[in-house]
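I've put the structures underneath this note.
Same chain, two partners: chain A is paired with chain B first, then with chain C.
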Partner chain A sequence: MGAILSIASTTVGEAIRRRVLLIILMIGVLLLSIIPSLGVLSARSETSTMIGTMFAVLRGTSALIAIVLTVYMIPNEIERRTIYTILSKPVQRWQFLIGKYMGAVFSLGLMILLMSIVMIILFQIFQRPEPGKLLELARQSVLYFIEMCLLAAVAIFFSTFVTPLVNFFLSIGMWLVGTVLNPLYDSIQSNQGASPAMQMVAKFVTSILPNFANYDVKNPIINPGQQIQNETTYYLGTAGYGILYISILIIAGIIIFDRREV
Partner chain B sequence: MGAAIETRKLTKTYKSRALGKINVVDHLDLEVEEGEIFGFLGPNGAGKTTTIKMLLGIIYPTSGEGYVLGKEIGDMDVHKIISYLPERPYYYEHMTGMEILKFYGSLFGINDREKFQALLEKVNLAADASKTISQYSKGMQQRIGLAQSLLNDPKLLFLDEPTGGLDPIAHTEIRDLILQFRDEGRTVFISSHELSEVERICDRVAIINKGIIERQGRLDDLLRGGRIEIIADGVNQAFSDSVRGLDATVSFHGGRLIVDMPEEGDVNGLIDGVRTAKGNVVSVIPRRRRLEDLFIETVSSAKGKHDGEAA
Partner chain C sequence: MRTNKSLYVVLAVIVLAQGVLHGGFLQKFWGKNYSPGKSGVSAELSPDQIILQLFGFREFLAGILWVRADGFFDQGNYDAVLPIIRLCTILDPKQIDVYATGMWHIGYNFTDEDQRSDRRYVPSALALGKEGARQNPNTYEMFFETGWMWYHKIDDDYHQAVRWFQEAGKRQDILPARRNLLTQAYFRNGQVSEALDLYYNLLEAAEKRLKEDGQFGAHQQYATVENNLDTTLVRMVQRGWIAQHSPEGRAQNWYATGSYDTKPPFDVGFSAKATVLSDRVIRFEGTWNVLPIGTRVRVVLRDADYPRAKRAELDWDMTDSVSLDPPRNLTYMQDQLFVRNRRFNRKVDMSKDPTMYPFLAKKYIIEFYYNPRSAPPHIQDKFGYSGEGFTDSKFRNLEARPSVKFVPVGKDEKGNTTEWKLEPLTGLQQPVMYTSLEIDQDMVRRKGEWVDKTPVIKTANYREPAQGKEKEDIIMVPTLRAGANN
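Up next, the complex of A and B:
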């Protein structure tokens, strides 16, 4: 465990110093900061616009950080030969991969936490909501964090066998598809004209691909009329789904990485 | 003394769409004794680093066997008593020298500040312990690399081009450290292009070319067969012609005879002959065979052999 934590903490140290990540983070924070002044431009209520846009910025920035952070993680270690020095010590490949992934998770946690704090402070200043609303915002941020951990696991998995550039597009593609899975599946299921074969394909694809859409619960926050049925079950189920999917991806990554020539 | 490293027919094959199967390391039989400095030489792409990676268990052999300190390669227990310094190593630039040692120490479960301090002193970096790696020169980075490689008090060190790209002073410092390792009873396996360095410090060497060991043995044995240059004045053409019969390169001009002959040739007979012919021996210069000569000769003859086979 000591080796894994050491690799993880070193990864955090590297990540928080990577200029490209800091620039993305700064842009995210900057965008969050100007959102309160955009509310007047929308026909929707100012609160809805502010929450919707802030969450969109938080989610998009976090996804970009998660992908940029992880796609280069393993290839960089190989290119710079640090992996050789580490693997020549009593460190197994699985420990190295888990350490790197944990480092990515901690780094993402720090960056999402920073953006969430900025978002909540701004919301408090400009909207003065009830404390319950702030809790809902925090809960959505936690769900986004789990979503980004899943995205980082997807990128780490791909990084064990594809180049960073291919990985970048694959991970982005998986995330984009994963974010529209629920609405896509619902529309195919509710479409009377959709053939049973198409419905089966939709069901198969929805079951196989990581479902990032589960982690977006901003609608009930924006529209008080909407409510999640049995919230506790939903949140636990979503978190459990994420942990299960992450575990599968990391185990598959370890199996591939263990056989890979570095 | 036992064998620190032993390989039997160790082979690494890569498949390439353009070239088909390539044996990067081809039936390698290597034996490195405990407590010696072993030089592993070869031109670029000869298979040196691939061999080291296989011995470290970082990549897997296609066939053959390998043992490091008596255990099969890849055995994690061995990793506790060996260490590796890669060619042009990179260390996390945001870390200080002390933090580097803490990080690599933690991979062994070592968290002993006094030990880290002692290692920094050993590699002459104690005063720079709080500087970040980005502030270190190449030589300092190499020295911190050596310090991290000593964290686990290794019995066997793998050093890949330890003096590559360093200035002469840094060269000397690293060389002294390597010699110190041997004095401490450690086995050192060096892969290098710096033939003069290898000649100075290694007990035994192996020359690898295109994945095949072409020569292996004690340096003294391999460098045997030097030549001796004899210069004499006052001899005539007839004497010069008589010398040409020997296994020697002879030049005669204006009464000066220059003979270049093998050291095992009849040097005394030639000197006696010069005196009998009323000539003067000007100089007798033994020219020891150098590792560079052996290396070039080995690689060239291997190339000729491969070209011949290809034809």
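Up next, the complex of A and C:
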């Protein structure tokens, strides 16, 4: 465990020093800051537009950070040959991989936390909502954090066997597909013209691929008034789903990385 | 570490577990509670819009598009507004303003040169309202707006307005004054007792609100409801409603023995003539023996085989899908013939709008229709709430509009009504005036044998007005109270 934590803390330090990540973070914060001025886009739904756009910026920026942060992690260590120094010590490959992933998760957590704080402060200044609303914003931020942990796991899995450039596009593609899986599945299920075979295929595909849409629960926050039963169970379920899927990707990554010649 | 076979087993178990968790619970829960809408992303989005949408900027994009639509609206470019409205509702089905404005725009703003609505759009406008209500079931607004479309624009089939206003009234966020409109829909649907009960409930609520909040709005609501309730009670007596429908009245036969304003039924003596003056220009003339001004007789000219046409209207509720393109090969004209000095005379020019009136069919029907339930209060004081004091010796019709109401039969898990069935209103008929005339394409277009001959079609009882006897610039102010057909 000590080796894992040591690798993780080194990774966090590296991540904080990487300029590209800081630039993305800065752009995200800037975008969040100008959102309150976009209220003119909606005559009566100013709050809806503001929350929706803020969440979109938070999610998009976090996804970009998660991918940029993780795609280079393993290849850089191999390219710079620093991995030999690490693996020559009593550190297993699986410990190295998990340590790297943990480092990415901590870094992501810090950056998402910073953006969420900015978002909540801006929302408080411009909308003066009830405290419950701010809690809802925070809750969605936590779910986005879990989503980004899953995305980081996807990227780190790919990084064990593809180049960073390919990984970048693969991860982005996987995230985009994963964000539309639920709406797509909904459309197919509600389409009476869709054949049972097509519905089966849709169910199978959505059960196999990582589903990022599960973490997007902003609609009731944007459009209040909806009564949702057993919401806590759902949150626990999505967290459990995230942990399960991350475990799959990390274990698969370990298997591949273990067999790889470095 | 060398790869252990047990790792594969663990992997397989976790894959299975996440699949079960996701497919068995998360996906269904998400679809039910967090899905932005069932509409899906339309292929009508441009690539940049799709990217924005995919990244979660749905509300932002809908906002930009809505601002763009506003610009087109100010320029009078109504056709360009339609697809944007549709895109906005697809992107953000929670933007009630877009639904409400879009519904109004589609239903009201497409008109011909004489400001006659293109009613071929009305089913789509209603479909948009229904979709808006489905997507926003927690607020009253789209239920109210859809009810208003039935009540005001369609001004017929009042059981539909009653249903939608009832649904709006079930939502807690409805404005107090907007609840009042359900009473008027009840009256027009012949449900007078329900209207009275609602007035008492509204009065109670208004009184309570007045005690809690002495603001002007609360005073105004209380005074309005109180005044309307008083008037209703007087009218229910004078129009013989209580005599006909209360248990005591029925038991003691009050209506037959008493003197009421609705007795004896007034014969409106309808007759009509249609003269095709030139290609697609028709003059409608006729008689209507009601002296007070203000009667509007509905005239409809449509393809004889117009799909899902009903008597003097269409099946407005015919579709749930929003089409931005009306059936351009079909003709449907609907107008009101204003009665003055017991006659109507109106020239309807359809020649300037060939896209609205293509006249491609061979056969057409001209329909004349009057429903006493739609009459203004001063006319209903004679005709009664449901046409009890109304008759026409030639064209009184009891089949054109059955007297019905919606009864809820199915609810979703949140308690919202999702299914209704139609039930007849027992002991209540809905007499209307209805007649139709046939006309063919050659006559309307003045082709073939009608190039030099003026087509004239009329009801058998039509009589030409006596020359110079009734000057149009003098309006006779009469009364219906006496009940005489003078």
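Note that the second predicted complex is superposed on the first by the 257 of 262 C-alpha atoms of A that agree within 3 Å, B and C clash if a C-alpha of one lies under 4 Å from a C-alpha of the other, contacts with A are read in each partner's own complex, and residues count from 1 in each chain.
The definition used in the following text is that a residue touches a chain if its C-beta (ideal position, glycine included) is under 8 Å from a C-beta of that chain, and two chains touch if they have at least 3 such contacts.
As the structure is a computational prediction, the values presented were derived from the model and not from experiment.
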item: When chain B and chain C are modelled together on chain A, clash or fit; value: fit
item: Between chain B and chain C, more extensive residue contact with chain A; value: C
item: Inter-chain angle, chain B to chain C through the CA centre of chain A, in degrees rounded to a multiple of 10; value: 160
item: Which superposed partner A:I228 touches (first chain B, second chain C, both, neither); value: second
item: Which superposed partner A:S247 touches (first chain B, second chain C, both, neither); value: second
item: First, second, both or neither for A:Q92, with chain B first and chain C second; value: both
item: Minimum distance between Cα atoms of chain B and chain C in the superposition (Å); value: 9
item: Common interface residues of chain A - those touching chain B in one complex and chain C in the other; value: 92
item: Residues of chain A that touch chain C when the two form their complex; value: 38, 40-45, 48-49, 51-53, 55-56, 59-60, 92-94, 176, 179-180, 182-187, 189-190, 203, 206-208, 211, 213-214, 216-220, 222-223, 225-228, 230-231, 234, 237-238, 240-241, 244-245, 247-248, 251-252, 254-255, 258-259
item: Chain A partner contacts - residues on chain B that touch it in the complex; value: 53, 56-60, 76-77, 79-80, 82-92, 94-95, 103-104, 106-109, 145, 148, 152, 158
item: Residue numbers on chain C that touch chain A, as the complex places them; value: 1-3, 7-8, 10-11, 14-15, 17-19, 21-23, 25-27, 29-31, 33-36, 38, 40-41, 54-60, 63-64, 66-67, 92, 94-97, 136, 138-139, 173, 414
item: Complex interface listing, chain A residues touching chain B; value: 2-3, 5-6, 10, 13-14, 17, 80-92, 261-262
